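Shared chain: chain A. Partners: chain B in the first complex, chain C in the second.
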Partner chain A sequence: MFKVVHYLNQFFANIGGEEKAHIPPEVREGFVGPGMAFNNAFKGEAQIVATVICGDSYFAENTQDALKQIIEMVKKYNPDIFIAGPAFNAGRYGTACATIAKAVKDELGIPVVTGMYIENPGVDLYKKDIYIISTKDNAAGMREAVPKMAALALKLAKGEEIGTPDQEGYIERGIRKNYFASERGSKRAVDMLIKKIKGEPFETEFKMPIFDRVAPNPAIKDITKAKIALVTSGGIVPKGNPDRIESSSASKFGKYDIEGVYDLTSETFETAHGGYDPVYANQDPDRVLPVDVLRELEKEGKIGSLHRYYYATVGNGTSVKNAAKFGQEIAKELIADGVQAVILTST
Partner chain B sequence: MRLELGKIYIKDVQFGPQTKVENGVLYINKEELLKEVGGDERLKSIDVELAHPGEEVRIIPVKDVIEPRVKVEGPGGIFPGFISKVDTVGSGRTHVLKGTAVVTTGKIVGFQEGIIDMSGEGAKYTPFSKTHNIVMICEPVDNLPQHEHEEAVRMVGLKAAAYLGKAGKDVTPDEIKVYETLPLLQQVAQYPNLPKVIYVYMLQSQGLLHDTYVYGVDAKKIIPTFIYPTEVFDGAIISGNCVSACDKNPTYVHMNNPIIEDLYERHGKDINFLGCVITNENVYLADKERSSNYTAKLVEFLGADAVIISEEGFGNPDADLVMNCYKIEEKGIKTVLVTDEYAGRDGSSQSLADSTPKADAVVTAGNANEIIVLPPMKKVIGHPEAADVIAGGFAGSLRPDGSIEAEIQVITGATSEVGFGYLSAKTY
Partner chain C sequence: MVKEIERAGIPVVHMCTIVPISKTVGANRIVPTVAIPHPLGNPALSKEEEKALRRKLVEKALKALQTEIQEQTVFED
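After this line comes the complex of A and B, so read on.
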């Protein structure tokens, strides 16, 4: 029989709601709360030997420490399977489930499964790394989610081949895998065409990504009067990276005051970007964020002025979703500050 | 235009005193074949070897694959513009030595040539592990410019296929397939109630060894135009491409274009197949705009209700594919696209370089970046060290034991974008 460790937050462990969200990690022998449903779904092939519980706020605020403690707790039971949640649409809980599941997978090398609603922020962060069963957005979906999570966990533990997202119920991980179809490509194309002509349902073999195309604004009429801002995805930050912008997959951007700064030097600025050789950017950060040139143009009257703040993030594996969110927030501030034009630099 | 395609099934190929087909065996007089293809001063040597299905043989680097055919009745000859004059082909009768293929190899021209394994894991990915291959090994003189090298080898392949095809001229075919497309108005009238379908046939024309020829004309220089499907069966379109082996269309695949064959299968039953519009994939934006505008206009003018669009190559041509799709759909004409993917070795990256939400019906021939290990072979025809430099290979691809670790991109025909193969991909 496979040994399972289960992770729950304070709410699903029946400890309490938001007022108990600060509790640190603890471990209990056997199952707790929804663990009973999992044990039933395993049908004697696996059993929950321990349940790890942590408050959502505690995990969010002490992620690294909590993760370390939780991994130790899980390790002690030497399980064959790790299950987290399901977290439905609870954002912090979902992120915790996915973060812990990924760490358990990486460090202990055992199969992990979690479950959440498609819009839970944990999904975008970790769907490429782990199997996340797609659930409803609230706990009413427990009855549907548990059998799918249990079945997938057992398959993983037995080393069986994992089917497609449709077959298994997990959220698409976005991994393209080749297989030999039963008909040649040309025949599949003709069949698909005939279905499309007849208005019958057909399934495309490749879903086109939807790109967000932004129509360019009209050109600036008089650049000598314009207030111009610098925004970069090249990771130029004040030395020491005060906002701790991640070197890849950035989750935030920074806003930095360059009042009175005429030149970026290796003493004052650096790049936080982990996706290119940083030597030349660190030697002279103006190479990525051309403050020096814009100051000269400002002095010569060729531009109106350089905006007092610049914005920076790292465009290295940063998800399109995060990038779009940064863009919207930055644009809102720039418009409020009366900026007429922006120079965007990458790497 | 009506063409009878007489298929002579060849079950073995051997060298012999006389080039002939007898009881399903193609015998080749080696000296005569070499004499027929020789005489180009740009080639230092030409040799020929045979490779059969199931043998532990690897052919590398493969430039082109051509099917031996011969014109038996009707105007013109095979490979118009190269081997024959430019008479319009595609009608009358043509014989095919089915089950054979001429494969050209020799010193690498550029970077983008392929591998054919006759057995093992790699054999599953190439259609040319199932054919009896007559391999032309062409070595260039020193310092021959690459485009001349390509041209010289291309001509050897075409000449060899035409020479061998003649052996089938007086042989009674095992099977005769008849294909017919009428002039447009008559064709429309023949099946007035069936949806009218055009095949938009994109030809690789990025230039610099990425060239396709139509009746001898470089496809870079064409304006999109109409071609009868049967013209293609007589070698009106031939490959001059040194692009990634997995998704270029070797001349053999043009001659056997499976989209044309499969559209004909449903012709008169579910659809009225009107013919093909050939277009190109030039690198300049203005060319892309002009060609896609022209393609959409022509498809509309011909009265199509729906089209299949096939791509050749990847990256830059993805833009042509998407423009063609977008502009044709904008005219209210339904599209299905055939492409392949470059989703990274782990399959997690963006597959295409361009996209349109209008492309809601896509057939994929698989992810060309997926890694494969090809076992060592007892015999290698050509130059195994090319594995390290061909597209899809990398330094160290060729291992000391003779095995090759590389992307399936290196395998000739692995991700055919005219759907010649069975490979596809799913999202996990």
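After this line comes the complex of A and C, so read on.
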């Protein structure tokens, strides 16, 4: 029977939510939380011998140290397989799962599998390096994700041949594999062309990578004359959240007048963000949106001015499509208002 | 959002704690911050020290905006 070590965050290990996101790595014998479903899916061929748990914020803020500790914990159990998550659309968790899985693969040389939603930032970081099963964007997808992750892990442990992303359910890694096709290239190409002309679905044999990078804009020549705007994905809103920006999967952004505001206080502003411990931001929202300091710099003539409005949304499982749309709309207004530079803060 | 603001032609500096995510997202000028729940503060410090820390980080962001770059750049100390 294969020995498995499983990685979970504080939430899936039932330790707590954001208020526990700072806990350092710990290890427990046997399975925890979703580990039970994995054990069932292994059908006696493998078993979770230990579960490593770490808080999402702790891992993100102490990555190198946490990684070292976690590798040591995993090594102690001498496992045949390492499973992380699934993390769905949780950004810190997904990044942690993928970072740890890659390190375990590289340093311990055992098969690793994780699972997450296609827009999780962990995907773009490590999809080339490891197998990431494609999941739904929330934990409701657990039941679908676990059997796929377990099946792929068993195949890897047994050294069986791994099928295509479609067959196995993992996210494309950009690896090309040679195989003998039953028909020659010219025929396949003409068939594909005919399908394309007819408007029928067809599958390319050579996907082009998508690069979406924007070149840096020229630097600001004279910052003491520039009008600077603040934008945040950290959810800082006037107290009471007048626009009702959602605490996760935000569908909108807010625009708020800060004329005459020299300091954000717990009486006037708060965070609407549901993806981090709100205590510190609610005590002093300047910790996320540095209005106090920019007002000082404005007064001292170190910047031209702070734009009258700031823009805020909640970056917590927010779809890339929505975030891009917010960015476009915000930029349009900023340009119309003559803003020359933006400071964007994220939590 | 960072990328779309940059694409529209406004230089933007991203202040955030998880730099790898910022890079993946496509930010060009990146200033690493303190911690996820308080990127521009540190509740363990006194009010004055905390504000000084915040000011230092914002000044670093302003410097980033005044620096010509060709590719994604993380502005460390």
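By our rule, the second predicted complex is superposed on the first by the 204 of 347 C-alpha atoms of A that agree within 3 Å, B and C clash if a C-alpha of one lies under 4 Å from a C-alpha of the other, contacts with A are read in each partner's own complex, and residues count from 1 in each chain.
As a working rule, contacts are C-beta pairs under 8 Å (C-beta built on N, C-alpha and C of every residue); 3 or more make two chains touch, one makes a residue touch a chain.
Keep in mind the model is a prediction, meaning the values are calculated, not measured.
Trainee: With the two complexes superposed on chain A, say which partner A:Asp286 touches: chain B (first), chain C (second), both, or neither.
Mentor: second
Trainee: Scan A:Thr268 for contacts with chain B and chain C and give back first, second, both or neither.
Mentor: neither
Trainee: Have a look at where A:Pro278 lands relative to chain B and chain C in the superposition and call it first, second, both or neither.
Mentor: Once the two structures are laid over each other on A, A:Pro278 reaches chain C alone.
Trainee: Among the partners chain B and chain C, which is in contact with a greater number of residues of chain A?
Mentor: C
Trainee: Tell me which partner A:Asn178 touches in the superposition: chain B (first), chain C (second), both or neither.
Mentor: first
Trainee: Just to be sure I read the superposition right, which of the two partners does A:Lys187 touch: chain B = first, chain C = second, or both, or neither?
Mentor: first
Trainee: Just to be sure I read the superposition right, which of the two partners does A:Asn14 touch: chain B = first, chain C = second, or both, or neither?
Mentor: Neither partner.
Trainee: In the overlay, answer first, second, both or neither for which of chain B and chain C A:Met208 touches.
Mentor: Once the two structures are laid over each other on A, A:Met208 reaches chain B alone.
Trainee: Which of the residues in chain B come into contact with chain A in the complex?
Mentor: Residues 124, 195, 197, 258-259, 261-263, 265-266, 270-271, 305-306, 308, 310, 334, 336, 338-339, 341, 343, 346-348, 350-352, 355-357, 359-367, 370, 408, 416-428 of chain B touch chain A in their complex.
Trainee: If we count contacts the way the header does, which residues on chain A are in touch with chain C in the complex?
Mentor: 18, 21, 57, 60-61, 91-92, 95, 121, 124-125, 212-221, 223, 226, 228, 231, 233-234, 276-281, 283-284, 286-290, 292-294, 296-297, 302-303, 313, 315, 323-324, 326-328, 330-332, 334-335, 339-347
Trainee: Help me check something: in the complex, which residues belonging to chain A touch chain B?
Mentor: Chain A reaches chain B through residues 128, 162, 164-165, 172-190, 192-194, 196-197, 202, 204-211.
Trainee: If we count contacts the way the header does, which residues on chain C are in touch with chain A in the complex?
Mentor: Contacts found on chain C: 1-18, 20-22, 24-29, 33, 35-41, 43, 50-51, 54-55, 57-59, 61-62, 65-73.
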